[in-house]
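The same chain A turns up in both complexes below, where it pairs with chain B and then with chain C.
On to the complex of A and B.
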């Protein structure tokens, strides 16, 4: 359904660009839950914004292709993109309070979203707003529709955001850290809701998060991003059960466990490089325990490795074949 | 926690009123009251607002409360001192000052309101467009800067002189000179509001420029604009007085606060009461509006509040 090929995103002047996303490729199949995991600065949010043509100035797509249901989106005019945004691919944002208009009731905001791509009359869209509020399991939907965002709790606001995103019946939902601003119990409820919606509506979801546990539970497949590149892509269980890339393994190792002795938290030494100072060769090499002199010669390509793809010269697991 | 589309089949339209409401009017009232509470708790808003409302009421009721017709002369009592019949005295045609001031307030307030609306509308349009469309920002704002580089009063005098001395033309001239300031205020708040996530969210839904600008940005950029409009109302009343005083505002015998003061100018030593009352009324109106504007700004933008001494 969604095919991203060699997507690169640059900031700054054309003469001296900063490449924050470099040659990213992945597919999302219909009704699939696809996870993108990475630290802050790994380029995951920029990738999501680029899909909708919403890169903040002066960011731009420097190359590659984004095809949705066979149609190329890179290079489309703003006007053409506007017809696709929300209608085909909708996005839910991280912070539900600031992503809702404080001066409109939530019912009006959902109704407005419904009017953008669907020729609904005012009455119909108001009824649709209430229906969507019920769909995202907000109790007393008629009454809540009259509330302003500040009158709702964080979890309710995120439900409203989801209702707004669903208002134009998109085929793919981009969820950029949808639960980061919420507390853990509410987070679980929102993820349950997304799971239900996916099942009921046949919706594909791209979940972007730094939270491995969240992605592991939710996604069918995950891509792990590091410094603007995908370093590993695998079925979710595989990626977290038997990571192939040392970076993925490091991330998993850094999760504190409930069992075993209490020790210092395990970390990956060093910090993620900024786009100005990318190391030569493999971007992860300076922090990698398994590096060899060869790793500094060139960037390893993302190559198939059994049922997954990994960009490493010495993956933790040898190809099954 | 189960969710089923089938269970939540579309609600029949007639089951819901247009706003999807089942709330009682009492709840709506309570919400209004809650929204107004911070304004009613502000002393400047309450005092300035009530004085201004009183002024409006008096002006509206002028025909009922004026003791004389505004243009009725009493030639036996010209430049008459304040007396029982003419509480604030008479002018050089023997007309009752109080009655003329009451009618003059109507015209001055009308000019003030007209300028507030007209320069408000153009300022809102120019400010919104230049705050939102980066490419138009430079040209529009340089244009506004050029207008602000002229001394405002001189520009208004020139415009009013070209257009001809009527109340409407005075209002147009004053609107022209007050537009740039309003445009700047609107532009500044549009620039702030457009960075918010909900603007990005609306864009991500495929909303067009007009929808984003009007429903998401301007709706949240109104407070500084309304404050500014209150101040424009006040300075426009002063501006009208200036234009009338030098004879290019609304022409006698139609009374405006400015031209009554102007009438009294020649007799200021023998009959100071002619100019005194309209001057005081202008002072009260402008003071009340400034107070109201200050109060509104304090309530809507807490960062500007000066701690009470």
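On to the complex of A and C.
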């Protein structure tokens, strides 16, 4: 359904560009839940914004292709993109309060999206707004449609965002840290809602998050990003149960858990390199315990390894492959 | 173990004018008892708005309590004169979440670390300079960073500067208010390792305030769970995480996503979202969201009482104790 090939994103002047995403490729199948995890600076949010042509100035797509249902999106005009955005792919963000219009009732905001993208008339769209509010399980939907965003709690606002995203009947929903601003009990409710919507509407979802647990429980497949590249892509259970890339393994070791023995956390020495000081060869090599001199020669490609792909010369699963 | 810090009946109410000038009282913290022993690590967990940060600021006397008493090392803090308060400040320090906002952007690292030494008149100029070097070494920052400014550092490095500043006066208690929450996990693990080393080496007690339950489980030996301005359950870490008795603790633990597939088969759900501290429910504050609430819960506020190794504020704790840890009793089975 979605085919991203060799996507690169640059900031800054063309003469001296800053490449924040470098040669990212992945597919999302219909009705699939695909997760992208990474720490800050990994390029995961930029990748999502690029898919919708929403890169903040002066960011630009420097190369690669984004095909949705066979149609190339890179290079389309803003007008053409605007028609596709929402209708095919919709997006929800971390902070619903900044994404919602404070001076408009939530019902009108949902109705507006339905009017623009589906050419519904006023009365139809108002009824559609109430139906969507019910779909995202907002109690007393008729009354809530008259509320302004500030009158709603954080969880309710995120439900409204989801309702707006669904108003255009998209095939794919991009969710960029959709629950990061929410409390954990509310987060559980929102993730349950997304799961249900996937089932009911056959919606494909790309979930972008720094929270491995959140992605592991939601996604069918995950891509792990590091310093602008995908280092590993695997079925969710595999990626976190038997990681192939040393970075994935390091990340898992560094996360405190609610189960199991309480030992010292494994730390990954050093920090993520910034785009201007990328190391030679594998970007993770300077922090990697398994590096060899070969790792500094060139960037390892993302190659198939059993049921997954990993970009590492010495993956942890060599024997299995 | 000696009690280092003791709070009794601590409360902080804010008065404010709400929409259309209505007078409102925000009961951020409302009747809280807490002890911290010398050298211990106490975790204070809860969701946003539960009053955990306000509690931290109250315990460090950064804000005045509306009611209640705080004793540090046997001395009542409420009555402290400014000289004694200054002595208290040497002993109790805080590290904040936002290493961007809590460091003065116009001060170099050296100035930042020297300031507390200067204010408290510790040693002479040469020994202070020495102390700055020692602090930098201790938190794992190179000495060449002395003359650099906060904006030149990454988030993790800035948090190291914040910790060095808290360490400068040799405190006996450090409060960490979401001190690792803004950091990426690989950096978070490094900072937790540093804090753990400091605790072991120097016997510093930590009040570790966090919404991240897994981090608290790794760092703290004792845990207190807060909900809307009150402590609902407290006890040793293995019991709080292994077999808590307050329905809220169970719901909270069950809501955390787990990457290792160890998540509960059935997630326990709380109804709706946390109420605000403006008009907290009159009975148990968790009652409106509690899957077990009975009419008694709505009228009678449960006090903390000891059950086994825990202290729990729930009328139905015994009943909760009768079912496995990752579940709650069926509502129908709860005695009214």
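Here, the second predicted complex is superposed on the first by the 310 of 321 C-alpha atoms of A that agree within 3 Å, B and C clash if a C-alpha of one lies under 4 Å from a C-alpha of the other, contacts with A are read in each partner's own complex, and residues count from 1 in each chain.
Following the convention adopted for this analysis, a residue touches a chain if its C-beta (ideal position, glycine included) is under 8 Å from a C-beta of that chain, and two chains touch if they have at least 3 such contacts.
This one's a predicted model, so the numbers in the text were calculated from it and none came from an experiment.
S.K.: With the two structures overlaid on chain A, would chain B and chain C clash, or do they fit side by side?
M.R.: When both complexes are placed onto chain A, chain B and chain C end up side by side without any clash.
S.K.: In the superposed arrangement, which partner chain does A:51 touch: chain B (first), chain C (second), both, or neither?
M.R.: neither
S.K.: For A:214 in the superposed arrangement: first (chain B), second (chain C), both or neither?
M.R.: Touch partner of A:214: chain C, not chain B.
S.K.: Once the shared chain is lined up, is A:82 touching chain B (first), chain C (second), both, or neither of them?
M.R.: Touch status of A:82: first partner only.
S.K.: Put simply, what angle do chain B and chain C open at chain A, by C-alpha centres, to the nearest 10°?
M.R.: Spelled out: centre of chain A as vertex, angle of 80 degrees.
S.K.: So in the superposed three-chain picture, is A:189 touching just chain B, just chain C, both, or none of them (first/second/both/neither)?
M.R.: Once the two structures are laid over each other on A, A:189 reaches both partners.
S.K.: Per the contact definition in the header, classify A:99: touching chain B only (first), chain C only (second), both, or neither.
M.R.: Touch status of A:99: first partner only.
S.K.: Does the superposition put A:230 against chain B (first), chain C (second), both, or neither?
M.R.: Once the two structures are laid over each other on A, A:230 reaches no partner at all.
S.K.: Kindly classify A:126 by the partners it touches after superposition: chain B alone (first), chain C alone (second), both, or neither?
M.R.: In the superposition, A:126 touches chain B alone.
S.K.: In the superposed arrangement, does A:164 touch chain B (first), chain C (second), both or neither?
M.R.: Only chain B is touched by A:164; chain C is not.
S.K.: Could you look at A:7 and tell me whether it touches chain B, chain C, both or neither (first, second, both, neither)?
M.R.: In the superposition, A:7 contacts neither chain B nor chain C.
S.K.: Minimum CA distance, chain B versus chain C, superposed model, integer angstrom?
M.R.: Minimum over all C-alpha pairs of chain B and chain C: 5 Å.
S.K.: Based on the A-chain superposition described above, do chain B and chain C contact any of the same residues on chain A, and if so which?
M.R.: 189, 192
S.K.: In the complex of these two chains, what residues of chain A are touching chain C?
M.R.: Residue positions touching the partner: 39-40, 153-156, 183-189, 191-192, 210-218, 237, 240-241, 250-260, 262, 264-269, 271-272.
S.K.: Where on chain A does chain B make contact in their complex?
M.R.: My answer: residues 52, 54, 81-87, 90-91, 93, 95, 98-104, 107, 112-113, 116-117, 122-124, 126-131, 134-137, 141-143, 145-146, 161, 164-165, 167-168, 189, 192-193, 196-197, 200-201.
S.K.: Mind listing the chain C positions that touch chain A in their complex?
M.R.: Where chain C meets chain A, its residues are 47-48, 154, 156, 184-190, 192-193, 196, 211-215, 217-219, 241, 251-263, 267, 269-270, 273-274.
S.K.: Under the stated contact criterion, what part of chain B meets chain A in this complex?
M.R.: Listed in rising order, the residues are 1-5, 8, 10-11, 13, 16, 18-23, 27, 196-198, 200-208, 211, 215-216, 219-220.
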